[in-house]
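The next part holds the structures, each set out as structure tokens.
Each of the two complexes below includes chain A, the first together with chain B, the second together with chain C.
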Partner chain A sequence: MTDPTSATPEGGSVIHDLGYRPYTGPRLGPAAIARALVITGFRNAFGLGRSGKSKVLPFILLALNLMPAVIVGGVMVFVGLDALPIGYAQYASTTQVLLGIFVASQAPVLFSRDLRHGTISLYLARPLPSSTYAIARWASLLGATLVFLLLPILVLYAVALLGELDVSDQTSDAAVAVGLALLLALSLTGLAGLIASWSTRRGFAVVATIALLLIGNGIVTAIQGISQQEGHARVGEVAGLFSPYSLYRGLMSIWTDNKTPTPPTGMPMQLAYVVVFIALSVACLGGLVWRYRRVATA
Partner chain B sequence: MNPTILRLSAQALLGRRRGVVLVLIPAVLLVLAVVVQALTDDAVGYDAVLHLGFTLALPLVALLAATAVLGPEVDDGSIVYLLSKPVSRHVIAASKYVVAWAATVVLGALPLLVAGLVLDTSDPRQAIAWGVGGAVAGTAYTALFLGLAAFTRHAVVIGLLFALLWEGVLGNVLDGIRWVAIGAWGREVATEISSKVPAQGIGLGYAVVAAALVTCGSLWFTGDRLRSFTLRGDE
Partner chain C sequence: MRTQGLTKDYGPVLALDSLDLEIGPGITGLVGANGAGKSTLLKILLGLVPATGGRAQVLGHDIASDGPAIRAAVGYLPEHDCLPPDVSASDFVVHMAMMSGLPRVAARERAAEVLRHVGLAEERYRPMGGYSTGMKQKAKLAQALAHDPRLVLLDEPTNGLDPAAREEMLGLVQRIGRDFGIAVIVTSHLLGELERVSDHVVVLDGGRLLRASRTDEFLDATGVLLVEVLGDDAQARMVAALSLAGVTTAPRGAMLTVDAAAGERDVHDLIRDTASDLGLGLVRLQVDHRHIEDVFADGSGAVTQPSADPREVTHD
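Entry: the complex of A and B
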């Protein structure tokens, strides 16, 4: 068989030779397609490369999320505090509503639109396996969520360093917060992506994700509060395993000075928090890959 | 009121997966109430569960119901077939509102009453207070979210920001927000029925008038938006 990319071979016979020059440059493989997909997906999550209107929402959410950090910075500068009024890790817990809304509202941008408009078949017609497509989309959303989570930490860290707080203390605190943020971003991205890929109605996917994240968190918080009041802290610790936000809070109270109700006590429980956190993310990614494999073979 | 629009809206609301989530939210709340009641003495978890239902479940149900009766039709553009019928746009808005409102009261406010009865059978008055307060807040929430759905494609996100960020997070920090928070108006009405519901201190008259104003205003606005509706493509 002749190479379809080469020009009409010498002496070769074709039915129609219209004389057009075929593309003879280098052909990039699936890796390059996946990389391009991740980058455009990341830009699309913030509305870059899309219409002006779709930039409004993500950037308003990002600005709202950064506002407390900037205010804290301003207060630090003018009052001259000797410690940050809010911990690096505590920040994401405080702004969890905004974080949830951002992830929930931008996941359908990446996962629903191709499915709803049928453009997914154009992607899958390329030499790109459906699993790579799913992972590329997931990576885009993960990147966007990380930007959302890490920017405030960066602002706070910069303010702390400019305020001449202890560098090694601040660096270690910020590093712990970055690690926690990564865990949280992994699980939120997986959950939101999975829901958005199942329900292609945008508004519905957003509410379903928020309901899962915030009502789940609300229930866990209620149980933790009641169990602490009743003196059965263990119940609250187990309940904490059932929501990404409570997992985050649990690990935050082990690894930082910010205490929350019924933190996980004992090595097995603390380990369980980490394992469940990672297992949740892996399971969601697996679910996404499986979902797109079904789409590809349907 | 137009019976055909009522029927179609009810179908859109309860059809398929949307209906499942709409029913799941109150179901989870009731399961939580039963579990807490079974595992604790007295009414330990009363405030925690009712607070969760009132500040999270109720607005989410209202948002889901309000956007479900209007959102999908606007999204896929099929609303033009409805708008081209010789039916007043305000009648369309009112019909859709009635369906969403009924869903909010049954699936958002009624579960509050039931959860209250489950958690503390000795004090039905407090449960009724939460139920009525929820119905008042739900009435205003549904109208507001329906207005948003007619106004913008991002109705869901803006509605969430209003209910969770403005009323929830900021409302906890800034006390003055209770004057412009629908949830606080509902609580004020509930306080009037049972003094065990924490008072908001904004006065029953203000709460009722504000809720009525928001409801009527949003409803008129929805009809007005539908009257001058322009279709936009997907962004």
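Entry: the complex of A and C
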């Protein structure tokens, strides 16, 4: 017979079946596995590593969300304004509908999909505990939401610096906006994730999340508007505690120059806004961990 | 793998009833009707479902305290669908290998190799939503093997497959156990399948152990020959002649069963000579192969063949 390592006489190469080869390389610990899960989930949230169709919606939303910032950039460069026409923190409030749709549509990708297709049992049959799985999924969605929120801020900041605006002013404004964006992303991720983890149907999760975020915000905004006109600002301040978007606006009014109706007045109320914002996020994350612990033992 | 008094009580249903079981290396078939406790046993062994009572060790790890260590060294093919439709088999197996702790580069190599072994060719780059049932089962098997486990738990791998795909899957199971050197526990409610591929067979019924032993003991331990003779009053004359020669013989239907284990002479020769002496036509002389089904028949206490070896009924 011919030498198995050589090519065939015709010059073609041969594939040799080496049989089964055991894996002797390293096996990484839970931290590395969780990191891999977070990265894959983050990519999946934008449709990367999935079918071509699933990339369409997230990237359209991302492009729409960035468009105002790019337009502002163009205006700044060609006209030369002495201030940004839109505040860093105000941006997310202006594009809140896009943000809501993005979070609502991509949370089921990370949470409902595994439950619907039974993939969750493969994850649970692997070393990662269910609580780590839940936190990793949550972190993926948080990362995707932060990209959605922070990219426009980055673009605006770059435009401001190119327009030779005052660097220290711009930096501190942008830093406040980043902090606010983090709070908003934490709460939206928690809410959307929790809803999606209770629904194996993607459509239901999307509708429920959009309803909660946008309709809830609509109701709160209406109450705040009426209470300001009627002179009962306190009512509007309390109502503001009931939606992530209104919490965001309330804190934005305190911490930046962008004023909104019925901002929280007085130290206790302002503190309540911060506490509710954080507590909502923590409660949702706790709910997620609890939910997946139940899934694991069902 | 070893269990001691393993019990799982689902409230209204007692899925496992103080099961004592020991499973060694090689391919072990886990047989039982639907609801016999096969899937529950696998889930408990993986540490997915806590046992109500009893203890179990898998690969030397205790299921109660060492769940992650077990899950790192075990591959699992669930009974139900578990594949996301919008991901390709290639990407999915890479991801699942990484979920078992393999670094990315190693995961890619392993995924390519394992997909080749299960026989998924170019279609591995297509989303799995468009796969046939046979391809899906292969992808499920590939993810179970991706991290080179020491033991794979295959829950009904042939479920829903056509005969050709079923043959292929059984061939794969056999290769995993024999060539790959990975211990296999495979469940099925079709007994004939496991009869062929497994070294050991464990029969569960209603959460209790009906029988556990080597497959060849199941099939060949009878030591009984089936004889068919033709002629005037052939059966009665043959029985009389063979009994006279000191061989236990009994009629079964149109044939005779001859206990070949007794007597020092070669019983085959004896039967041939006896038939010849009596002037009878010897139509058939064969080993009495039993089927795993017989164990069920024995177990339910219903139809027991008169020839049944008393050793068969080990349970009670």
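Assume the second predicted complex is superposed on the first by the 276 of 298 C-alpha atoms of A that agree within 3 Å, B and C clash if a C-alpha of one lies under 4 Å from a C-alpha of the other, contacts with A are read in each partner's own complex, and residues count from 1 in each chain.
By our rule, a residue touches a chain if its C-beta (ideal position, glycine included) is under 8 Å from a C-beta of that chain, and two chains touch if they have at least 3 such contacts.
Please read all numbers here as calculations on a predicted model, not as lab measurements.
By the touch criterion defined above, A:Leu124 reaches chain C but does not reach chain B.
In the superposition on chain A, A:Leu214 contacts chain B only, with no contact to chain C. Contacts of A:Ser54 after superposition on the shared chain: both chain B and chain C are touched. The contact surfaces that chain B and chain C form on chain A in the two complexes overlap at residues 50-51, 53-54, 113, 117.
Listed in rising order, the residues of chain A touching chain C in the complex are 19-23, 25-30, 32-33, 36-37, 40, 49-51, 53-54, 113-114, 117-119, 121-129, 296-297. Against chain A, the residues of chain C that register as touching in their complex are 46, 48-50, 68-69, 71-72, 74, 76, 78, 80-87, 91, 95-96, 98-104, 106, 110, 113, 117, 127, 143, 147-148, 175, 179-181.
Within the complex formed with chain B, the residues of chain A that make contact are 50-51, 53-54, 57, 64, 97-98, 101, 105, 113, 117, 199, 201-204, 206-208, 210-211, 214-215, 218-219, 221-223, 225-226, 229-230, 235. The touching residues of chain B, when paired with chain A in their complex, are 17-18, 21, 24-25, 28, 32, 36, 39-40, 44-45, 48-49, 51-52, 56-57, 60, 63-64, 67-68, 71-72, 75, 154-157, 160-161, 164-165, 168-169, 234-235.
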